[in-house]
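There's a structure below that I have some questions on.
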Amino acid sequence: MKIIYFSWLKEILGISEENIKPPKEIKNINLLMKWLEKRSIKHKKVFLKSKSIRCSINQQIVNKNSKIKQNDEIAFFPPFTGG
Amino acid sequence: MKIIYFSWLKEILGISEENIKPPKEIKNINLLMKWLEKRSIKHKKVFLKSKSIRCSINQQIVNKNSKIKQNDEIAFFPPFTGG
Amino acid sequence: MLIKKGIGAVVNFTGIARPANNSGNIEHLEIEHYAGMTEKKIKEVEKYALKKWLLNTCIIIHRYGKIKPGENIVYVGTAAKHRKNAFKACEYIIDYLKVRAPFWKIEKIKNKKIFVKSKKEDEKKIKKSF
Amino acid sequence: MLIKKGIGAVVNFTGIARPANNSGNIEHLEIEHYAGMTEKKIKEVEKYALKKWLLNTCIIIHRYGKIKPGENIVYVGTAAKHRKNAFKACEYIIDYLKVRAPFWKIEKIKNKKIFVKSKKEDEKKIKKSF
């Protein structure tokens, strides 16, 4: 599973992506965020702000109850600020 | 008093402007239109359509009750269709 | 200049002569105007828009005379700090030019002159003069 | 081409990097984007606008990377038979790019990185994705 980070999430973590293999019980985005939080202090700092974080699965915006699969590309980011 | 005509009014009349000296009792646009109507068959044809005619005095849009003066520049025309 | 004025948004509108209407193919447009009054009206709406929408700049061009299909008739450009103001001002000005500036369109179709009628929907948009 | 397509109205929007915000003078903007998803989202909104507002043409350009004050960030051009549709489509697309396309702005002010926050008013405008 590929995880991509943008904006201040990337800045805090110091990485723009990582490949992970969460256990099978990590079925949706909410659970994945809680699982990722435990990976490091930096991860904890990022995912504590979960209310400010948006998410996509395979480049589709999703809500945090959405199911995830092993080969998904999942991205975490703040609200968009284009234009 | 200078009278200017535009669009289909000019087309029907065959003139774009004329200088006139209406009598003193012709105090406003409505009276002026009735007075102009009598000048020729073409004028009659034009001013019969008075509801479709708009008017300005000295390049200011006015309603037909507006007072007129001897040295005014008065224009008659259909609604604008610019842009 | 953009930097100096703090411009964040530029909106441009161009109106183009269409090749046909319900009566057939248009050979050309003829736009008549009331010289003197036209300039006055355009300056009025420019002044109004600059103030109301806090524009940095506003450019208004309206052609008259003979115009062939595909040619530009009118251009309105607005620049502001924020996009909403630039959009609102640009739309207002073009609506204004349609019904409050002394222009009249004539369409030439098969050697006939068609005096274009104003659209009531357009007149309603600009309720009153200023 | 204008004649062939019967285009009567062209609206262009350009968004420009401003030189300052409340925190001070901006040295430059850094725009991050989600490669792949960005292109997909821009194509989606283009397709939607072409159909909804019967556009003849629609052009959308959004820069990313380093952008200096005064430089263009984004361009949206729409062409339609009638001006209302060209205006509505252009405004919709730029509203969409603000909140539904994966771009993030960072302002560099005195060697500090400021992650620009999204405006709630902008988010409300585009209520749902399509």
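Descriptive notes on the structure:
Letters A, B, C and D mark the chains in the order given here, with residues in each chain numbered from 1 onward.
To be clear about the criterion, a residue touches a chain if its C-beta (ideal position, glycine included) is under 8 Å from a C-beta of that chain, and two chains touch if they have at least 3 such contacts.
None of the values given here were measured: they were computed from a predicted structure.
Relative to the C-alpha centre of subunit C, the farthest chain centre belongs to A. Work out the mean CA point of subunit A and of subunit B, and you get 74 Å between them. Inter-chain spacing, taken between the CA centroids of subunit A and subunit D, is 26 Å. Among the residues of subunit B, none is found touching two or more other chains. Each of the following residues of subunit D touches two or more other chains: 15, 94.
Chain pairs that touch one another: A-D, B-C, C-D. Residues 15, 31-34, 36-37, 40, 62, 73-74, 94-95, 97-106, 113, 115-118, 123, 129 of subunit D are the ones that touch subunit A when the two sit in their complex. Residues 2-3, 6-20, 69-70, 81, 83, 86-87, 90-91, 94 of subunit C are the ones that touch subunit D when the two sit in their complex. Chain contact summary for the complex, subunit A toward subunit D: residues 4, 6-8, 10-11, 56, 59, 61, 75, 77-83.
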